[in-house]
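There are two complexes below, and they share chain A, which is joined by chain B in the first and by chain C in the second.
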Partner chain A sequence: MKLRPFRLTVLCLSLMIPAALVAVVLFLVVYSGQAMVFNGLHFLTDVTWNLGDLYDDPVVVKGIQVPAGAEYGILAFIVGTLASSFLAIIIAVPLSVGTAIFLAEAVPEIERATWRHFPWLPPLRPALAMLVELVAVVPSVVFGLWGIAVLIPFIGHHISPTGSGYGLLAAAIVLALMITPIIASTLFDALCQVPKENRESAFALGSTHFEVVTKAMMPMVRATLIGGIVLALGRALGETMAVLMVSGGGSNILPHSLFSPISTIASFIVGQLDSAEADPTNMSVRALSEVALVLFLITLAVNAAAKLLSSGALNVRKRQ
Partner chain B sequence: MSASASKSPSKSPVSTLALRRTIVSKLGWIACGIGLLLVIFPLLDIVGVVTFNGLAAFNWDLFTKDTGGAGLGMANAIEGTFVITVFAMVIAVPIGVGAGVYLSEYGKNKTGSTIRFLSDVLTGTPSIVLGYFSYIVFIIGFGWGFSLAAAAITIAILIVPYLARITELALQQVPNTMREAAFALGGADATVVGKVVLPAASSGVITGALLALAISVGETAPLIYTAGWSDHGWDGRFTHAPVAYLTYVIWTFIDQPDARSHAIAYAAAFLVMIVVLAINIGVRLTVKRGAKLA
Partner chain C sequence: MTNFTKLLRAGVAALAITAAAGTAHAQVDVPLIESGSSLLYPLFNLWVGAYSASHAGADITTTSTGSGAGIAQSIKGLVQIGASDAYLSDTLAKDHPTVLSIPLAISSQAVNYNLPGVGSLNLSGPILAGIYEGKITQWNDPAIAAANPGVSLPNHVIVPIHRLDGSGDTFIFTQYLAASDAGWASTMHYGTAVSWPPISGEVGAKGNSGMLSALGNNPYGIAYIGISFSDKVKAAGLGQAALLNKAGQYVLPTTANISAAAESVANSTPADERISMIFADGPTAYPIVNYEYAIVDSQQPAPAIAEAIRDFLGWCITEGNDPSFLNAVHFLPLPPAVVTLSQAQIAKIQ
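Let's turn to the complex of A and B:
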């Protein structure tokens, strides 16, 4: 076989992507090894995260040096992550379905009806579609800033019985806004690809336009919609800054209402930087590494599910 | 919408049923329209609030003074974000474009699809996980401390998969006849890619680089555990010197009690938002429905 230096070079460059991924997983696993031994399964089932006494002499448990009284349980953060993400999905799905249907079907009609009177206007649909997509590119931290400046006072004054806007609901609303464009643009693309014949036959049967959309088109894109929702869930689970800024940073207690302060796994990792640095035994850094590993595994599972679902949906579309 | 609704009465024998269907349809359209408004309104509100407060806070001190000392400006954060982004791009662009070239030109095989799959996994990995990985490897393991090198490498890991994917998509647009012509003229692999395929796809590759730039300017989570924070400008060292960055200013200054800190937070948010939105709008206006990230 001939040696091809150029192909070899670009192959090596592209192999750096898998290498980085493998390194991430490997180092997280290796570094959290001691924490896994120390925590056991309590890590996933305990609510209390206690760094222990960082100033006293460390004690030795199972042959591992840990601060006295340390225990690491992340159940509260797992629950906070799942609760905020699922709530966000519940808010985002109707919004994005409405958005996608309106963009795909109603906006062209509006354009046809009114735009010929105003030929100088820019086309409406690309502009609206771009606005929806732009929601997805606003940096997370700017969403958080808006949450603090606008959303939190609103929830605190008008909705929350406790008068504090920080908590599960605020986190879910911000997350919902951030993931809506993902679901909406996936669904919008799918709706635009529904064959003309299916729409026309539904019209010919005497359906109203809305019935054509809900009864003839939506069933055809259901698989794509579900794929998009799962993809959005993956994004919501790993979202950090916006959640950190509006969630109230609750810890060591399971959320009991929409207004409970919570932490998600991702926001908790950020919040723990200072205390982790103060631990002389480095145990909390190792435990946090285990936390990051759990977050990685959860998002990996969700993204894999999204991939399977959307590839299946693609096959259906090609067959038509 | 209404044009089609008028067809239904003739079909339906019971006029109340027809009426109900018309009303349900109208209500359905209204609900969908409200959905769209509920998505677009927060975006406009975010842009409005940040622009209003950000512009109100603007003065020259922001660009000439550091957050340290009297705390009047954010020159160190602007400089830091610029430096982190530049070095992240310097690391990421060759790797990302090279990987894209491999995937597009020679990646129609098992290796290619494996790399593509793992690249998607890396894209889906939460950025805080990447940040924590860098923390335990570079900050603790290598002993670099919070530093520019750790921050730039982390951001590079984050954006390489995007660059690779967009480069691949761009190169796929180049017709095969061009490659065949170049090979027929005796071009070697490197010549064909470098002189024919890449130039033909250059706008797509530049688009990818710009989008990656927008991502790196707007990221926060992976930098917290790698860049640290400094109240002063970058001192030229790659390791053992924390760097400031704009998104940190937004995150922490909004929690300070004084009005000047809030003003600086909004000014930083305005800068970051303008860069990110300008790049994304520009890219979308020039390439219609091109490479999509979402």
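Let's turn to the complex of A and C:
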């Protein structure tokens, strides 16, 4: 058989990405193996996380060397991650649906009404659509800074009963702002692709503009909307820096109100890693690897769900 | 911002001085990497700038990664100089006998509060332990009132603020609590990250700058912040607490009081220099003072690398301990007895 250099090169290159993924997962599983044995299922059901006394002699538990008093339970961080992400989705969905409908339906009317008198003005819709997409590329640390400088004092002084702005609500609002453009631009693109005939038929039947949007257009883009939401959820679950800056870093307690300090899995790993590296038994780093594995599995599940939903495999029912 | 310009000015001044001196040193052309403590990072940048100006061929890269990473990377041989706010633990020192903990300068930490209308405040280790354990929750708690006769304390819930990232500041703060409060020592221990007991209304913040903004954002808050931020703390109108030392006096983190602590520990510092300066003896000794360490493996792969490290670190603890560098970050120079010990350790690097 003739060896085709081009085909071979492309094959190798395309295998690199799955290979890297497999390598990362294998590393996480192998590296955290000892931690899994030590923690058992308590890892997922316990609320207390304690690196133990890293400056005392290690003790041996179940044949494994661990720092004295070490205890690894991540339930609080799983709850913190899911709570902040879902809350962010609840805030972001109405915001982004409104934005997308405004861009797709209201802006052309404004343009028709106003731009007629000022023909030299640049078209409004592409500019606004670009602005929305621009928000999606703002680095997360910028959102975090805004959160500390503006959002936290506002929540602390005007909303929070405890007087502290750091916590679940602040994290959710910052996350919501970060994911709104993802949902909005996906939905906007889909709305633009709704066949003209559907829209115009609805108008011809005497529908109001509101009815055209809600009854003729939105049902057609439902699958895209769900796919966009799930993708945004994936981003929110893994977001690290902005959350670390505004979440209040709660640990050892389950969040019980909107103003409870929380930690998400990603921000918690960043916060603990440096101290874990000083652990002579290395168990702290292994336990953090296990935490990372849990985060990986959660985001994997979310992305798989997104693929299934947006490909229509779950048969999202289309309106007749 | 003012602090930054000050740093910049000090750096420029130092550069000018050393450039003018134009001292000729043995030429070393080996790239060195320094990594670790974010508290030491600004000082290392000043040092490396001045050192490179006077030492042709010096090639030193500085990175800020955190004390734990500094220790780990130095032990693994990934960097030549690991910067750390804490010395090697006994276990690590036993496992890696060739790795040295070399003090380069002296740092300190303030306990700051945001109490409208309260000008001065006395606090002790047991009171702070009570606050961070959730046993003392009100500012007008009898324990705090007893330490502050004549001060009208607000009837308000305390907002304890702690670091949520691993930090040398958490290490020395919890070491002070462990040294002065038996309950904390037995249940909480000390470390760069501890398992903070859950307290309603508590706040975790990232980095000293995060601590500063969290304290500013939270009236009735209390926080521990590295001394290099004291100018910014003052500018934000936040208070600085006097802490109870071993001799039973309430002392502020002034230069004199920090020096007093350093002097009292200088003579008892062992040859490997792994010693805590927390809760030191002495009538005016401030209780939260620490050595800033370079973590260096004494067995380097090549003589040229060892010589470059020796030369640079030797410069840091002599010329580099000049106030023109240290004042910018509110560090203090090593006492002469400790300089001698550090020099002996540096000589072991080969």
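Rule of thumb we're sticking to: the second predicted complex is superposed on the first by the 312 of 320 C-alpha atoms of A that agree within 3 Å, B and C clash if a C-alpha of one lies under 4 Å from a C-alpha of the other, contacts with A are read in each partner's own complex, and residues count from 1 in each chain.
Here, a residue touches a chain if its C-beta (ideal position, glycine included) is under 8 Å from a C-beta of that chain, and two chains touch if they have at least 3 such contacts.
Computed from a predicted model, the values in this text were never measured in an experiment.
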Kindly say whether there is room for both chain B and chain C on chain A in the superposition, answering fit or clash. clash
Applying the document's definition of touch, where does A:245 land relative to chain B and chain C: first, second, both, or neither? both
Between chain B (first) and chain C (second), which, if any, makes contact with A:53: first, second, both or neither? second
Partner chain(s) touched by A:270 [first = chain B, second = chain C, both, neither]: both
Looking at A:72 after the superposition, I want to know if it touches chain B, chain C, both of them or none. Which is it: first, second, both, neither? neither
Superposition-derived comparison: chain B or chain C, residues of chain A touched: B
Identify the partner contact of A:103: answer first if only chain B is touched, second if only chain C is, both if each is, neither if none is. first
Pick one for A:43: touches chain B only (first), chain C only (second), both, or neither. neither
Output check: A:4 vs chain B and chain C. Expected answer is one of first, second, both, neither. What do you get? first
Regarding the shared-chain residue A:150, is it in contact with chain B (first), chain C (second), both, or neither? first
Overlapping contact positions on chain A, where the chain C interface meets the chain B interface: 148-149, 244-245, 270, 273
Which of the residues in chain C end up touching chain A in this complex? 65-69, 71-72, 86, 89-92, 95, 157, 159, 164-167, 189-198, 200-206, 210, 213-214, 217-220
Sites on chain B touched by chain A in the complex: 1, 3-5, 7-8, 10-12, 21-22, 24-26, 28-29, 31-36, 38-40, 42-43, 45-46, 49-50, 53, 94-95, 98-103, 105-107, 111, 114-115, 118-122, 124-130, 132-133, 136-137, 140-141, 157, 160-161, 164, 188-190, 193, 214, 217-221, 224-225, 247, 250-251, 254, 265-266, 269, 272-273, 276-277, 280-281, 284, 288, 292-294
Per the touch rule, the chain A residues reaching chain B in their complex are 4-7, 9-11, 13-18, 20-21, 23-24, 27-28, 31, 94-99, 101-103, 106, 109, 126, 128, 130-146, 148-150, 177, 180-182, 184-186, 203, 206-212, 214, 234, 237-241, 244-245, 266, 269-270, 273, 282, 285, 288-289, 292, 295-296, 299-300, 303, 307
For chain A, which residues are in contact with chain C within the complex? 48-58, 69, 71, 148-149, 152-153, 156, 162-166, 244-245, 247-253, 261, 263, 270-278, 280
